[in-house]
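Everything on this sheet refers to the single structure shown next.
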């Protein structure tokens, strides 16, 4: 990342000019995104009549923050939020701990069944979620877990982890496959056992992949709908996606579209802040960490 | 290799055990279900009626399923080209040393975290609106008045409208995958190339692209998987049940699982399972082909 | 250095979440007892918390608990949540006493779960029951009563009275010719006569076709698997897409389209574009929709908006006239495994009768279900009341036009194109014929 530091230290017109086409493309696309997402933000502070008259960006009747108050008013948002935070964080940590070693082994070693395991992971991702979740629900229900809140939470996390294992492993496979073998060879010569080599050397080297997949996992689990709907069928267990999806639905049915967009903003903000935190603080740090 | 046996087992066991617990039973059940006529996914096995390969036979003779497969095929191929090219372009630009990289990266990824319900509503009611739509505004400003009158959501155009809206949201995700790949390429390659006098485009062609083979594979696999599960966007762009122009297999499956629209229709979870199995096979084929074509064993850097 | 930061972050996250986990677990212990103790009613509702219906149900539940001392656990699932989730939960024998959805869904699709309440509901029906709605409940449940109706609805043309006056139309059209004349006048006055959202066009088409060939005719036309046996045994006549009556019906729409009666956005109006962008601001005069429309548009229409309603007009030489309509209702049912059926039924009466039924009409612009509230219709639905009261033939949802999943998407696209004038009657018929598997 020495490159980046150089740019920061001095402004080089010639260099910047060379990058101009890149700037233009990126700026146009970002502008497009700003207009679109800006429209959602504007709509959330507008009224339904204004939105459908095409005046969302003009605010002919002023700003309507009461949409937010109304959207927030349904209560229970705090419970949903804490539940989602718990499910997402614990599942993400467990996923990394379980999947990184497995992906490493699958990427690095040839052994009987390697390809079969990889193919089963991939095909598992193709199986529709309804076909996985509904039969599992039958099994879990028969175990009598559903009437106990704490056991249900553990079950939910277990399922979030299980469901995301194939995705995480397939994602990490290439990252390990592309790492140079010289590090392991050097470590082996030094007498370092392979498992230690993994945790001490290879795991940190794949961090950009691990963080990327963790961001995806986090957002997936935060927004996960169907599994949560079926398994978290008690108010105390409900995560944000299910709780707020209902809110969106009700705003549509009552024709309160401005309120719906306000609800969207409320759902969106936590993921956005967490995303900013994860991507800026962690990705930035890691790329520096490996190369430096 | 022998001495690694313990480690292989130890590292794989947790993942494989979890996988078996969560997936094995449902998958086997789904495969079995696809040979039966079943009222609801949750029906117990004693109410299933064996129909052999009847469900599959029926699928391949049903026009609407063929339409759905054709639509998803178009989304996979055309959408895949659009998304992977755009996201690679953005990834390369962002890693080329421009200012505000982190800012741009965050903004481009942003649409991925906004709820699909909101995004789709925005596209349908704002961008594509024939009255005050953003697209109409842009085309009018550019002087294409005839084009500006296009009914983007009419059956003739809605597929393209849907494809574009969906791709818009997916670019950021694939861009991140590309970027995490590009960032792992040692800057020394580029420094050496710059000293040798090669320009940015040559560097991209001869350094970046070959070294991104593995990441390319990841991108294709991920794109295929999200395409197979493609459902919400079609649902949001349709009327009550599905539109012929935008119907996809997952949506057809949903109609056969939970009933379509407001009317109560015949449901057959076995038929739905067969659709799932076909989608699943498609993914396995794509993955296998990718593995065979793109070998990254010889890549070392 | 950075590596340490990451592991520290991960550890912190782990510890933090463990704490949240334990905290959560501890808190919930005390509240666990109730739900499996069996002395608490569990009600899965099809509404979402923010809807006015949900708020009124919540009030009714609170009053019920105050009166009887029986605790109720209401889980607001929303439409999608209920449709996707309840069958699994009922199948897994979860503790659910009451659930609701449309009559068709509860009694047909989930017909294995509701309890027969014919005996239990006798007195209630005599005192409060709306004859028409109870008939629908019995019909959908195969002849016996398994559910209590509430929140009835009717499909029809809603119109903007001010625009009709402007165009010089005195009375709501009753026949196809009158509708034709009215549209011509509107067109002349520079008003778009008819708009709509693609979501409801199968329903409109169902009504249209049924005016010519009746509901059974529509069902055989689309090859509804449920009537296949009756057709084979000759109990009902098999109508095919080649039938001259079908051609006549399709040509009638083609004719309207060629005269420019339908909005130019007809095939591009994805819900709610038509109702919100064309009907509410007064650009179009008529729209085909269900009686929930005034409630959905209450934020979007001007305050002095005048609501009119008429049923689908009759056609010369047709089978059904404007007394045949798609009338339906949401229904509440009791799980057949419920240990508290009596209490559950009492709660249902709180929601569907008297005070809270009236409140629904006031706050959610619903149609009353209790006989005693017969006059409590919201002013916006006064026209719909006439149509509702005059109905003698009850159509199924979309008059059976959506009963063939393989045809529905094609039919919808074709109807919208036909109305938009981008498809001819002949093309329409051949497209539907191919897709319905004839």
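When the chains are written out, they are named A, B and C in that same order, and each has its own residue count from 1.
The rule we apply is simple: a residue touches a chain if its C-beta (ideal position, glycine included) is under 8 Å from a C-beta of that chain, and two chains touch if they have at least 3 such contacts.
Nothing here was measured: the structure is a model prediction, and the numbers come from that model.
Chemist: Which two chains have the greatest number of C-beta pairs in contact?
Modeler: Of all chain pairs, the one joined by the most C-beta contacts is A-B.
Chemist: Please identify the chain with the largest separation between its CA centroid and the CA centroid of subunit B.
Modeler: So the farthest one, by centre of C-alpha atoms, is C.
Chemist: Using the average of all C-alpha atoms in each chain as its centre, how far is it in Å between subunit B and subunit C?
Modeler: Roughly 33 Å, centre to centre.
Chemist: Just curious, how far off is subunit C from subunit A if you go by their C-alpha centres, in Å?
Modeler: Chain centres of subunit A and subunit C, defined by C-alpha means, are spaced 36 Å apart.
Chemist: Using Cα averages as centroids, what's the distance between subunit A and subunit B in whole Å?
Modeler: Distance between chain centres: 16 Å.
Chemist: Mind pulling the residue numbers of subunit C that touch at least two other chains?
Modeler: In subunit C, 84, 88, 91-92, 273, 276-277 touch at least two other chains.
Chemist: List, in ascending order, every residue of subunit A touching at least 2 other chains.
Modeler: Each of 52-53, 134, 137-138, 245, 257 in subunit A touches at least two other chains.
Chemist: Would you please write down the residue numbers of subunit B that are in contact with two or more other chains?
Modeler: 41-42, 125, 129, 131
Chemist: Within the complex, which stretch of subunit C touches subunit A?
Modeler: 1-3, 5-6, 9-10, 13-14, 16-18, 20-21, 24-25, 28-29, 31-32, 35-36, 47-52, 54, 75-81, 84-85, 88-89, 91-95, 272-273, 276-277, 280-281, 292, 295-301
Chemist: Which residues of subunit B touch subunit C in the complex?
Modeler: Listed in rising order, the residues are 40-43, 62-65, 67, 124-125, 128-131, 151-156, 158, 237-245, 247, 252, 255-256, 258-267.
Chemist: Which residues of subunit C touch subunit B in the complex?
Modeler: Contacts found on subunit C: 83-84, 87-88, 91-92, 102, 104-105, 108-109, 197-202, 225-226, 264-265, 267-271, 273, 276-277, 396-398, 400-410, 412-413, 416-417, 420, 422, 434-435, 437.
Chemist: Under the touch definition given earlier, write down the residues of subunit B that touch subunit A in their complex.
Modeler: 1, 3-4, 7-8, 10-12, 14-16, 18-19, 21-23, 25-27, 29-30, 33, 41-42, 89-90, 93-94, 96-99, 101-102, 104-115, 117-119, 121-122, 125-127, 129, 131-132, 134, 168, 173, 176-177, 180-181, 183-184, 186-187, 190, 200, 214-215, 217-218, 221-222, 225, 228-229, 250, 253-254, 257, 272-273, 275-276, 279-284, 287-288, 296-297, 299-301
Chemist: Please name which positions on subunit A make contact with subunit C in the complex.
Modeler: 47-49, 52-53, 70-71, 73-76, 82-83, 85-86, 89-90, 92-93, 96, 134, 137-138, 141-142, 146-150, 153, 204, 207, 226, 229-230, 233-236, 242, 245-247, 249-259, 282, 285-286, 288-289, 292
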